[in-house]
Amino acid sequence: MLPGKKIADTNLAQKGRLSHEWARARMSIIEKIVVGKDSKLLEGLTVGFCLHVTKETSVLVMAAKRLGAKVALCSANPLSVRDDIAAFLQQEGASVFAWRGETAQEYRDCIRQVLALSPQIVTDDGGDMHAAAHRAKVNSIIGGTEETTSGVKRLLALERSGRLMYPVIAVNNARTKYLFDNRHGTGQSTLDGIMRATGMFLPGAHVVVCGYGWVGKGVAAKARGMGAVVTVTEVDPVRALEARMDGFEVTTLLDAAPYGDLFVTCTGQTGVIRKEHFAKMKDGAILANTGHFDVEIDASFLYSNARPEEVRPGVERFDIIVAGGKKKKKLYLLSKGRVVNLVAAEGHPPEVMSLSFANQLMSILHVAKNYEKMERKVYGVPEEIDLQVAKSALDAMGVRIDEMTEEQKKYQNSG
Amino acid sequence: MLPGKKIADTNLAQKGRLSHEWARARMSIIEKIVVGKDSKLLEGLTVGFCLHVTKETSVLVMAAKRLGAKVALCSANPLSVRDDIAAFLQQEGASVFAWRGETAQEYRDCIRQVLALSPQIVTDDGGDMHAAAHRAKVNSIIGGTEETTSGVKRLLALERSGRLMYPVIAVNNARTKYLFDNRHGTGQSTLDGIMRATGMFLPGAHVVVCGYGWVGKGVAAKARGMGAVVTVTEVDPVRALEARMDGFEVTTLLDAAPYGDLFVTCTGQTGVIRKEHFAKMKDGAILANTGHFDVEIDASFLYSNARPEEVRPGVERFDIIVAGGKKKKKLYLLSKGRVVNLVAAEGHPPEVMSLSFANQLMSILHVAKNYEKMERKVYGVPEEIDLQVAKSALDAMGVRIDEMTEEQKKYQNSG
Amino acid sequence: MLPGKKIADTNLAQKGRLSHEWARARMSIIEKIVVGKDSKLLEGLTVGFCLHVTKETSVLVMAAKRLGAKVALCSANPLSVRDDIAAFLQQEGASVFAWRGETAQEYRDCIRQVLALSPQIVTDDGGDMHAAAHRAKVNSIIGGTEETTSGVKRLLALERSGRLMYPVIAVNNARTKYLFDNRHGTGQSTLDGIMRATGMFLPGAHVVVCGYGWVGKGVAAKARGMGAVVTVTEVDPVRALEARMDGFEVTTLLDAAPYGDLFVTCTGQTGVIRKEHFAKMKDGAILANTGHFDVEIDASFLYSNARPEEVRPGVERFDIIVAGGKKKKKLYLLSKGRVVNLVAAEGHPPEVMSLSFANQLMSILHVAKNYEKMERKVYGVPEEIDLQVAKSALDAMGVRIDEMTEEQKKYQNSG
Amino acid sequence: MLPGKKIADTNLAQKGRLSHEWARARMSIIEKIVVGKDSKLLEGLTVGFCLHVTKETSVLVMAAKRLGAKVALCSANPLSVRDDIAAFLQQEGASVFAWRGETAQEYRDCIRQVLALSPQIVTDDGGDMHAAAHRAKVNSIIGGTEETTSGVKRLLALERSGRLMYPVIAVNNARTKYLFDNRHGTGQSTLDGIMRATGMFLPGAHVVVCGYGWVGKGVAAKARGMGAVVTVTEVDPVRALEARMDGFEVTTLLDAAPYGDLFVTCTGQTGVIRKEHFAKMKDGAILANTGHFDVEIDASFLYSNARPEEVRPGVERFDIIVAGGKKKKKLYLLSKGRVVNLVAAEGHPPEVMSLSFANQLMSILHVAKNYEKMERKVYGVPEEIDLQVAKSALDAMGVRIDEMTEEQKKYQNSG
């Protein structure tokens, strides 16, 4: 890292602005939150964001800025930075430390740079910034929010061990987040990323989806919707049963390995696709990960057993002999095993991010107002925030719904 | 009610036996629970069941009996009794008070008859028996279980007000119950009931599904799966948004009323389809309810404004002029507005009831063993029961799934 | 057959009338054809029908009668007769020779009785009446129509060999017939029949669909729509490829035999499910045929190797050891291997039959008017009839569509 | 056009080679045709191709070359040329006249350049080269093939008027072409193109699909599969009815205009989306065409009434007031109204193009062998070619299917 490096190229700011404007037009519910609020609500506060640096994130960051906050931003993934967005946000006065292709060391440094600005509120995606803040004992922080399942898991472990330093709102647990962002947002953008990277033909392809949480549900449903024959693997018997009754074939990954044309990991786990699975795969199988961290596919095994050749942007071919195999076969790894929806496509579409980020923004406002009354715990998103986000989204779509009658309210509360 | 009347016709026992055996063969996971257990686990206890008297219920009741319990049974719905099953269970030594077509008074009397046997454990579906036990202060009861969302709501109200007399396990809240029973079981059997009653053509039909809880989700998905054009109505904005992103049209019932060919209520609410909706419906619209109680469609309005003619079994035609309308139109009400999947078809298929009833049976065993340590609260189904039910079901289907590696277990627990 | 026996029970006429009226209300496009036409168009002609004797057929028969024809009717399948409909039609003045459960001999006799009335026009379903007319050289006939793929195949063979005696319109080949009737009508009613017969749980069940013609496409799509995991078998490579790209698993029946929970034959072929397949099936497998003839499943093998026990109406259980197997297993055969949608349910819903029968009725009128100009050939339905049927159906559903602009008409005809 | 300009940049050849190899690996059925054949089959012939210059096309062109032909190529669309592929093919010895962004004049000149080489066989996509060959009376041509519906329509017009100069095989009419290419290939790549261009969120979006031919069927099914709420418009009543029974809302474009978030034209017609539709659209509506010619959306109206701003690559925003409207609204046009799947994405995936191009290649071989026996007519693809392509494709996927038994063959041929 060059000392003082912050972003890739300030000249990309205008391109970033167009992109920001496109996203903002499709995220009108964020706009409404800002418009409806006193613009001094975040005055005097610095908000540190560790998010994928995308056009959607720029809408959240700019909204926080318009509400009076100082804003600082680094990336939640070294490969997911849109350099034009970074440039645009810097031009608009945000402190940005992010560029596409950071090394692991640079990635950590960028997080530290944001924390060095002594934020009061920390908004994270994956928990790396929360973890760094705890390691560095950053004591300016009055509260935070967290976007992902993976991050919430880490925060709950901190809470259980009594080491959590500040209240955190688990935005991931809002119904308007996990029901839409993880399932539909990741679902669509994962297929989008795979199609952009490979142009592979989905109708009739055997797609193996590893994991049937919200993300896996979304990927599996949409892959089937495109015409693929989908098999699901799971370790949780209830989810496995759910997948089967949703009409998917369910089996072990070892049994599915020989016939998959495409494998997509969506587990939040480590070491899901391993040597023994590579060994049984057929020639030409394609491997993609859409979980937060790049540990779901054992890419290091591939890299240490064959020289990758980039046959299309983001598609590496490994000519490899695994285990007792006799013939070389080709395996294709997408995006080096990193989140394929962010690396190969643009991540979640703005419309769905507007739900998650409306929760983020309202949760930031909630922390700013109520932090003194909050404990060092992981909180859910307050239900009134959740409902208001849903209502705004329906409004934006022009959907009107019924309201309960007085008689129904009474009935609901009766014994 | 004739004094001492218990069931409709003892001669139906053999027919009931064949039906019981068919169900038992498709509910092998219940069998495995019984086989694996000491047959004296319920010895000395009387279990009072208030359930739909179906072939599937007979498998649960006989399993409890084989585990040593005395068993008594009444129906959770006056129209859902299979008289052959009632006869079979009586012949097998159960105390049965149930027949198809009980009056409201008889229905309540049957519940009282079961409670008069001083059961220790009460297993209910809808909460009417729990309510009656509380009104009558039946003090033999050491604990209970409850099958439905509607019933759990009533028990929670009792708990909140400090009046709950014994611990109850909310079987409805088990993942292996609500993820399958409500969505897939009710989903399939509701369409089955509607097709048996009407034979209506679903491809291209406009189906309006009121409510997008688990039942509504199941009905909507399966109606679409049959080719219908589905519109969803909801009062909860998050669920409404969910329906829309699942690809359904969402609007108010008033707006949907004019174009629906079929309306299905799945809300657990009262007064969902009302006069103002009837007024806007088109000639020939069909009305079905699959919620627990017959209050979702305002049938009383129909009955008091037109003379019903039964044009097919369970299908009543109302030639009616509503509100400012000038011309008579025909509206068809199925099963008098009662749960159409139970009245017009056979209720949930045995395969899915085996999940719910495995939870019931293991919860009954749990209460029998642990009641002294339990508080007067509504409990969830213990997670180990839930997982074991899922595993048994996968086994029964011949599905094998992955297990977490040691590395993954460690990863999951790490911060 | 009792000499002179015609129908089962004249007392069922009133029940049949209600059923007829229900169907007529749902088949409004037939009504419109009749209303719009001079009621003497068929005067002086006798139309002989060999159709499934259902409420929908009664609407067609009565429409022909209202247009001035004498009408005579026998059944296209010994098990598909609705006795109440037969009684109703007889009461209305039709010559009916049909009852449920005819023997093979009686079935043929009934056809002969209709032909003995010297019909001018013959409307058949499956080709048995056309075949009988050719064998008996019935020379009153000026033309005919045929409803099914199977029947058309037989007529084309007659045409090829130069033996076809009169012109026949292949109603099956109308787009408004095969695109809807075979796929959606048979698709829905087949699942309806299977659910009525067995109540089996479709979500997560392995369903093997044999044949991927229009009927197989419909059954497969709707089974998946209910949540089943569907495998398709085919002998035509193009259709097999089609099934796979529609997202279905495709393999040989021998490979699919071990895991199917339900097998449905839709091939129009003979000997599709045979001894070698039975041998590999699992305990409890269910077998249903929805093709026209009862030759698709080798039922005679089952009947000659085990004593069937009827465990539910229309469900026979065979406890059987096949081939090298050691343990007895249970196989269930529905409706004795006959068309399950007609035997176990009510056949096609009236809404879809109204399309087929509108084609039938307009084709009968076409023959009556144009027979002198027609050759002894199998004709398609004239395109203007097809389009008019589609328009009427859209009207009945309240669907408005675009019309081509003048510019577009010109463009379409340009080179 | 610079005199003698042929391609954009010879330096792109290596990039094109990698792309060609990726495609070839996914189009193994083409390989098998070549390998199985005498490499002199096309010796002495020049084949002139007018196709989209994509990696898939390069596999077809190289296969013809390996079979002995001289090959010449121009583009079937000025915007669909991959310049790297053009460079690669030129390097490999093909005569290539194609670059991205040809003017209309250059586009026609390129076609003339290919015809100037006096090809014996002409393989076209859309019919522009056939039309030019007829205008220029190129008499070297012994026969041709045509890829699209649009092109076949033009050739049939020539045939009807007696002006067709040589036999043409309508590859479009092969079952292995239209059942897969048009529906699944265009279906997937159209959504792929729209997602690449806009990143728009499909779940819950209102998508209006104009036209329900094979392409429309594919786009509608896959849009629904991604979670969109889909409305279909049609001018053919039978297709409209088909769409409705497939579960889609069907209405006029004027009625659908106000609520569509995305409009996709798939009609093969002209002037489908016009001023009166723009007038009723909502702010932010997105317009895409996937039909062959750029006449389906009236883009010239947009260009002449507002200044387009390119807000993302291939996405032009028009701030426009239409008709009696008072407020400006934004409409977004993708790819200037040209085939969005080719311009914004990569066109059909190689796996599906391998079906179409296997038909092309075998049809070229068929013409080369049989042209003397063929008339000046539009022929279908011989059925044995069709079946062999399907078998090869199943083989490539590892799918085994059943074969007819002797008994079944006999049964099929019986009367």
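Just so it is clear, A, B, C and D label the chains in written order, and each chain counts residues from 1 on its own.
One rule holds in what follows: contacts are C-beta pairs under 8 Å (C-beta built on N, C-alpha and C of every residue); 3 or more make two chains touch, one makes a residue touch a chain.
From a predicted model like this one, the values you see are computed outputs, not experimental measurements.
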| message | Report the chain whose CA-based centre is farthest from the CA-based centre of chain C. | response | A
| task | Using the touch rule from the top, work out which pair, A-B or A-C, shares more C-beta pairs. | result | A-B
| chain A and chain B: spacing of chain centres that average the CA atoms, whole Å | 38
| Centre to centre, by mean C-alpha position, how many angstrom separate chain B and chain C? | 36
| message | Between chain A and chain C, what distance separates the C-alpha centroids? Give it in angstrom. | response | 52
| request: Would you mind listing the residues of chain B that make contact with two or more other chains? | output: 180, 184, 203-204, 224, 227, 241, 244-245, 397
| said: For a test of understanding, state which residues of chain D touch chain C in their complex under the given definition. | reply: 131, 153-154, 157-158, 161, 175-176, 179-180, 184, 233-235, 237-238, 240-242, 244-245, 250-253, 255, 269-272, 295, 386-387, 390-391, 393-394, 397, 399-405, 407-408, 411-415
| message | If we count contacts the way the header does, which residues on chain A are in touch with chain C in the complex? | response | 203-204, 224, 227-230, 241, 244-249
| field | Touching residues on chain C, where the partner in the complex is chain B | value | 18-19, 21-22, 25-26, 180, 184-185, 187-188, 191-192, 195-196, 199-205, 221-222, 224-227, 259, 282, 284, 311-312, 330, 345-346, 348-352, 397-398
